[in-house]
Amino acid sequence: MIRESQGFQPFTDEPIRLIGDGGEWLGPFELDLEPEKLKGFYLDMLAGRLIDDRLGRLQRQGKTSFVAPSAGHEAAQVGLAHAVRKGHDWVFPYYRDVSLLLALGMPVVEFAGQSLGTMADTARGRQMPYHPGSAELNVFTVASPIASHVPPAVGTALAMKLAGRSQVTVCSFGDGATSEGDWHAGVNLAGAQGAPIVFACQNNGYAISVDLKKQTGSDTIAVKAHAYGMPGYLVDGMDVLASFLVAREAIERAREGVGPSIVEFVVYRYGGHSSADDDSRYRARQEVELWRRRDPLDRYRRFLERRGLWDEDAEQRARAEIDAQLVEGIRQAQEAGTVPLEWMFEDVYAQMPERLVRQREELLG
Amino acid sequence: MTSTQAVRERQSGVKTMAQAIAATLDQEMARDDRVVVIGEDVGKRGGVFLATDKLFDKYGPDRVIDSPLSEAAIIGAALGMAVYGLRPVAEIQFADYVFPGFDQLVSQVAKIRYRSGGAFTAPLVVRMPAGGGVRGGHHHSQNPDTHFVHTAGLKVVYPSTPSDSAGLLRSAIRDEDPVIVMEPKRLYRSVKEAVPEGDHAVEIGKAAVRREGDDVVLVSYGGSMAETLKAADALTEQGIGAHVLDLRSLQPWDETAVLEAVARVGRVVLVSESPRSAGFMAEVSATISEEVMDSLLAPPLRVTGFDTPYPYVQDREYLPSPNRILKAVERALTY
Amino acid sequence: MIRESQGFQPFTDEPIRLIGDGGEWLGPFELDLEPEKLKGFYLDMLAGRLIDDRLGRLQRQGKTSFVAPSAGHEAAQVGLAHAVRKGHDWVFPYYRDVSLLLALGMPVVEFAGQSLGTMADTARGRQMPYHPGSAELNVFTVASPIASHVPPAVGTALAMKLAGRSQVTVCSFGDGATSEGDWHAGVNLAGAQGAPIVFACQNNGYAISVDLKKQTGSDTIAVKAHAYGMPGYLVDGMDVLASFLVAREAIERAREGVGPSIVEFVVYRYGGHSSADDDSRYRARQEVELWRRRDPLDRYRRFLERRGLWDEDAEQRARAEIDAQLVEGIRQAQEAGTVPLEWMFEDVYAQMPERLVRQREELLG
Amino acid sequence: MTSTQAVRERQSGVKTMAQAIAATLDQEMARDDRVVVIGEDVGKRGGVFLATDKLFDKYGPDRVIDSPLSEAAIIGAALGMAVYGLRPVAEIQFADYVFPGFDQLVSQVAKIRYRSGGAFTAPLVVRMPAGGGVRGGHHHSQNPDTHFVHTAGLKVVYPSTPSDSAGLLRSAIRDEDPVIVMEPKRLYRSVKEAVPEGDHAVEIGKAAVRREGDDVVLVSYGGSMAETLKAADALTEQGIGAHVLDLRSLQPWDETAVLEAVARVGRVVLVSESPRSAGFMAEVSATISEEVMDSLLAPPLRVTGFDTPYPYVQDREYLPSPNRILKAVERALTY
C-alpha cells in the first residue's frame, strides 16, 4: 500500500494507517520526525479536545449560543495543520475545525472572542460561534453555507499560479459537503486548471443525521477524485501520523505543480452535530462507543509512550497547562467588552453609503 | 409544564407552530398518498426543528426522503416528483440555504407551467424556516421573501400563528402551483394556540385583521407580527387605534384589504424584517401610492430590516422593534 | 470488452464500438435485430440530418431565430431513442436533441411549430426554437439553463419507485453540462437513492468553444460515475448499434431496479454550436474534417449495404420521402397561424391572478 | 460600412457598446496586471458577444480564463482571486444564468467584508448581458437586477450607452467592493458613439440627465432608455417637456437627482423592463413617497415588464414601449 514517505497510493481500499491500536508503528518506512514535533501533535490534539469542553460549558451557561465539537476529529485536523506552511499557504476551514485553527496558531482569545462576539473577535462580532477567520494566518473566515467556500478556495489557488510564490490552498469540509453543487463546481475547476489546492474531507459518516449511504452512492469520498482526474487518498483520520504525512504529501505535490488532490480523513464525531443536536434520534450509543475505542488521542499517546516520549506525569502537566491557557484566553475574550451597536452598519461596503448612514440614524438617533 | 397539562393540550389541539406543521403534514400524508416529504434530516431526525417529527416512522423512507446535502437536489427532485404527479413538500433547513437551490426555483419550478404551455405543472411546496431573532448570524436569520415575490410563477405565504401555519400549509399542498411557505422560526415554539382540527385551510392571498382601529394602519406578516401587535397594544394604551393587518400571503397579497384600510384611515406603516432596499414592502408602498394616493394623509412609511447582512451580536436590534414601529407611527400621525 | 449483449463493461479505456469503418460488424455476439428495426435506425438518423438543413434554411431566411444542429450526434440520439419505451419511460432532453425527439415520435409539425412559435406549438409559443416538450410522449420541455433539468429528471425517477410501474427516466445532456453544480446534485441524489434513471451524455468535446481539457480534469465523462457508485459506459456515439445496445442495457438495468448509470456517447458536432456561433474562432477545419470521416450515417449505411438491406436506390427514395415529410410538417407549422398576444399572460399560474388581469388590460386595453 | 469608414471610426474612438467594453477591459488589463478575466468562452471565442475579443491572444490563458460550464465556479473563483489580491472581472454569459452562481454572490461575495470584519474583501466585477428584445425567450432575456439591489453588500450598475459602459466598467474594476455590471444586450451593437479615451470613468451612483423638461420626470436605465427617450421625443413634439434621468447605477442609486427633479416637477413615470412585483422601481416609488410626497401632483407611476416569465413570441410586447410610457405620462399629467 505504502511505498515510502512521499509515495502514498491513492484510491486504496482501506484507509492508510500508520499507528496500530496498541500504538505500534505500522509504516513500511522509518519515521523521520523530531521528538518535539511528535509531542507537538499530541499537545495540539489535547488543546482541541479541551477547548470543546470549555466552550461547551459556556454554551450551557448561556454565554455563547453554539458549539460544534471536534472530538474524534482531532488527529485529522492537527495532522493537516502541521502539513500546511503556516501564514504562507491559505486555509479555508469549516465550522468544525477548531483543532485545525488552534494548531495553525490562532490564539485562544481570538477563537473564543469570535464565539463570544466580544471585542476580542477580529471579525467584529459578525457571526455565530465557531466561524472565525484570520487575515494574518491566511485563514478564510468560515461561512455557514456548506461547501460555499470551495469555489473561492479554488480562486485563491488560481491566483497563486499567477503570483508564483509556491503557495498552496487547503480547503476543509465534511462528507455531507461533497453533495453540494458548489463543491463539485469548485473541485472540477481545480481539476481542469491544475490548481495548487488540496481538498481535505473529514468524513465522520454523518451530515447531522444523514449517514453516508443516504448521502452518496460511492463507498468513499476519496473515489470521487476520479471524476476530476486527480488522486484521492483515503486516510485513517484518527491516526495523526497518517493524517500528517498524507496531507503533507498532497500539499507538497500541489506546491510542485503536479496538481490538486482529495484527501479523505475517516473520522467520527463523538458528540452531537452541534450543541443544538440530539443525536440519539439517529444513531445507537454502541456505535459511538465503538468508535471511541479508536480514539486518536489514546492511540497516539500509546505511540508516544512506546517511544518513551510521554507518561502520566507529562499528561497531567500538559492538561493543566493547556487548560490554564484556555481559561486565560477565554477570560480575556470575555473581558474584552461588548461590540458596539453601531458596528452593525459598518463593513457592508468600504465606504458607508448614505442610505446606511440614515438607517443607523433611524436606529440610534 | 406538568404532564397532565401536556396531555390536555394535545387533546384540545393546542399546538406550537412546529407541532401544527408536523400535524398538518401527517394529516395530508394520511389523506393523500401522493404527498411526500423531502429534505435534509427530515427522516429519523424529524427535521432540525421537528417539523417532520414522526413522519419517517409512519410513512417510511420512500415518502419521507432524507436527501443528500443539496438544496438543488431537494427542490429539483420535488419538481420532478410534482411533474410526475406527486405532491411533494420540500424542506429547506434554513431559508438562508435556499440559494444553492435558487436556480431550480427560478429557472425550473417557477417557469415549467409557462414554458410548457401548461403541459407540465409544479404542484409542490417548499417550506423553510426564516427570519432572525435566534442568534444565528447572517446565515441562519435571513428573510429572502422578496426574491420569491419577484419571481413570476411562485406563490408565497408567510404565516405568523400556529393555526395559520397549519391552514396555509394545507392550502399550499392542495394548490396547483408551487407555493413557498416561509415559517418564522423564532415563533416555532414560543406561541401555542388551539389549532382547528380537520380540513382547516386558510385561503392563499387573504390577509387577517388582527386589531381594528381608525387612526393608523399597520401592515405586517410573519415574525414581525409579534412586534407589530406589541406596538398596536402600546398605541391602544395611548388611545390611538391601530388597524392591524397580518398579510399572511405575499404573492398574491391582499391588495383589497390593504387599500381599503389605507383609503379609510389615511396613514399606514409597513413592517417587515426583510432588508429595506427593493424589499417587499416597497411594492406595498408603491401600490398604495398608485391606487389611493389621494386618501393619504402621510406617506406610507416602512419599518424594516436594515440594508446590511444579518448581524450576530445585534441580532435583536436588526429587527423592527415595537419602538421603531411606534416612532414611525408618530411620524405618520404628526405628518 | 464485451461479453455479450446484456453484458457490456463499464469504464472501458476505449469507447464500445460494434461497427467498423467499413461497416463490418465487430461485436463478439450475434446481432439479433429485425431488418425493419435495422433500417429504422437509418431512417431516423436521416430525418435528424435533414431537418437541421430545413430549419437552418428557415433561420437564414429570418423565419426562425435559432438552430442547434445535431449533425454528428444522430447515432447516439437515435440509438438512445430506440432503447426507450416510448410514451412509458420519461425523457429529459436538451436543446441539441432533435434527432432524439423525432425518433421518439414527435411529429415534425410539432417540432417545427415550436421552433416557429406558431399555433402548432403545443407549448403555445413560449420558448425559443429547439426547446420542445410533449406531455403525451413523457418528454419534459427543454429548458435553456444547462443541466437544470437533471435534478427534476431524478425527481421523476424517485416518483417511479413509488408508482411501481417499471418506468425509467432518461436524462440527456452535453459534456459541458457535467460541470454544473445542478448536474452533480442530481446524479448524486440518484446514486444515493438507487433511482431508475440513465444519464446520457453526448460528449462532442466542446461546450461552445471550451474543449474538454478545459472543462474537466477527467479523461472521460463515463469515469465520473465512480463518484456516484454507479457504472459509467463509454460508447462510440457515432455507431448507432453500439449506442442502441448499450443504452438499452443501461435502461433495462435501471428498470430491473439494479440502479442508475451514466452512458457517455463520444460524438462530434459538425456545425457551429448554434446558428449564432462562429466555430472557426476556436477549432481547426481539419479537426472537423477528421471527425466527418467517422460519419454515423455513412458508416451505418455501409453496414446495411453489407447485409443487403440498403442501396443507392433506397437511399434516394428515403431521402425524398423524408424530405417531403419535413417540408409538409414545416408547411403545416408555418400555416398554423400566429400565437395571440394575450397568451403572454396565461399559464403563469393555474388561475390568472388579479394583478395579471390588470397588466393584460394595461397592454391591450 | 465601407472599410475606410470603419478605420475612421476606430481612430476617432467610435464604438459599439460591446467594443467599448472590450476596449476598456484591454486598457485596464494593460494598466494593472491584477486584472484578470474569467468566464465561459471568454478565451479564444472572445465571449459570445465579443466583449472579451482579442484579450486571450494578448494576455494568455492565466489572465483570460475559460472556465468550465459553471457560474458557481466563475463567481466563486473570482471571489477567491479578489480575496487573494487580484481584480477579477467575471462574465456570466447571460444574466439568466447567474442563478446557478447566485449562492456564491449572495452568501459569499456580498458578505465577505461584513462577516470577516473587513479582514477579507471582494473587489471584483461580475459582468452580464441582460434584458430582452433579442428573441431569446425567457432564459435569454431576463433582468435580475432587483435580486442584486436587494442584496446588501453588492453594488449594481446598468449603463445604456457605449461611453457609460466603458466608464462604469472602469469604475467597477477600480472599486473596492463587488460590482454587478448589467449590460443591455439588445443595445450591444445597435448604437455607436465616440467613447472618450484614456482614464474615462463614470462615478457609480450618479444619474445622467438625458433631457431637460418641466412637465414630467421620466426615470429609467439600461435597455429601456431607448424607449424612454423615444417617448420623451414624442412628448416634445406635443409640447410637453420631459425631464429624463438615466439612473446608470441602481445600488446605490442617485436619490438626490430623482428627488430633486420630482420635487420640482411633481409628476414622475418610472420605466424598467424588470418584472413589476417587488421590482426595483417599487423602491424608487416608495422612496419618492417617503421623501417628497407633498410635492407630488400625481402618484409615481410604473411602466415595467410584466409579472410573467419572459415570453418568446411577444418578445417586444413584454418590454415597456414608447406607447405604454406615453399612456402613463398622460395619466400622470391628467391625474
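In this document, chain identifiers A, B, C and D correspond to the written order of the chains, with residue numbering beginning at 1 in each.
Convention: a residue touches a chain if its C-beta (ideal position, glycine included) is under 8 Å from a C-beta of that chain, and two chains touch if they have at least 3 such contacts.
Please read these numbers as outputs of a predicted model, since none were measured by experiment.
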- Taking each chain's centre as the mean of its C-alpha atoms, give the chain farthest from chain D. A
- Set A-B beside B-C; more C-beta pairs touch across B-C
- Length of the line joining the C-alpha centres of chain A and chain B, rounded to whole Å: 36
- With chain centres taken as the means of their Cα atoms, state the distance from chain B to chain D in Å. 32
- Rounded to the nearest whole Å, what is the centre-to-centre distance of chain A and chain D, using the mean of the C-alpha atoms as each centre? 41
- Which parts of chain B, given as residue numbers and ranges, touch two or more other chains? 67-68, 70, 72-73, 96, 99-100, 103, 107, 111, 114-115, 137-139, 152-153, 277, 306-309
- Please set out, as single numbers or ranges, the residues of chain C touching at least two other chains. 125-127, 131, 143, 145, 148, 179-182, 185, 188-189, 192, 214-216, 348, 355
- Spell out the residues on chain A that touch chain D in their complex, using ranges where they run on. 90, 121-127, 131, 133-135, 140-141, 143, 145, 148-163, 181-182, 185-186, 188-189, 192-193, 346-350, 353-355
- Could you please specify the touching residues of chain B with respect to chain A in the complex? 40-41, 43-46, 48, 66-70, 72-73, 96-97, 99-100, 135-140, 276-277, 306-309, 311-314, 317-318, 324
- Item | chain D-touching residues of chain B, taken from the complex the two chains share | 96, 99-100, 102-103, 106-107, 110-111, 114-115, 137-139, 146-147, 149-150, 152-153, 251, 275, 277-283, 285-286, 288-291, 293, 296, 298-302, 306-309
- Residues on chain C engaged by chain D in the complex (per definition of touch): 65-66, 117, 125-128, 131, 143-148, 176-177, 179-182, 207-210, 214-216, 276-277, 281-282, 338-339, 341, 343-345, 348, 355-356, 359, 362-363
- Query: chain C touches which residues of chain A in the complex?
  - Reply: 179-185, 188-192, 194, 213-219, 223-224, 226-230, 259
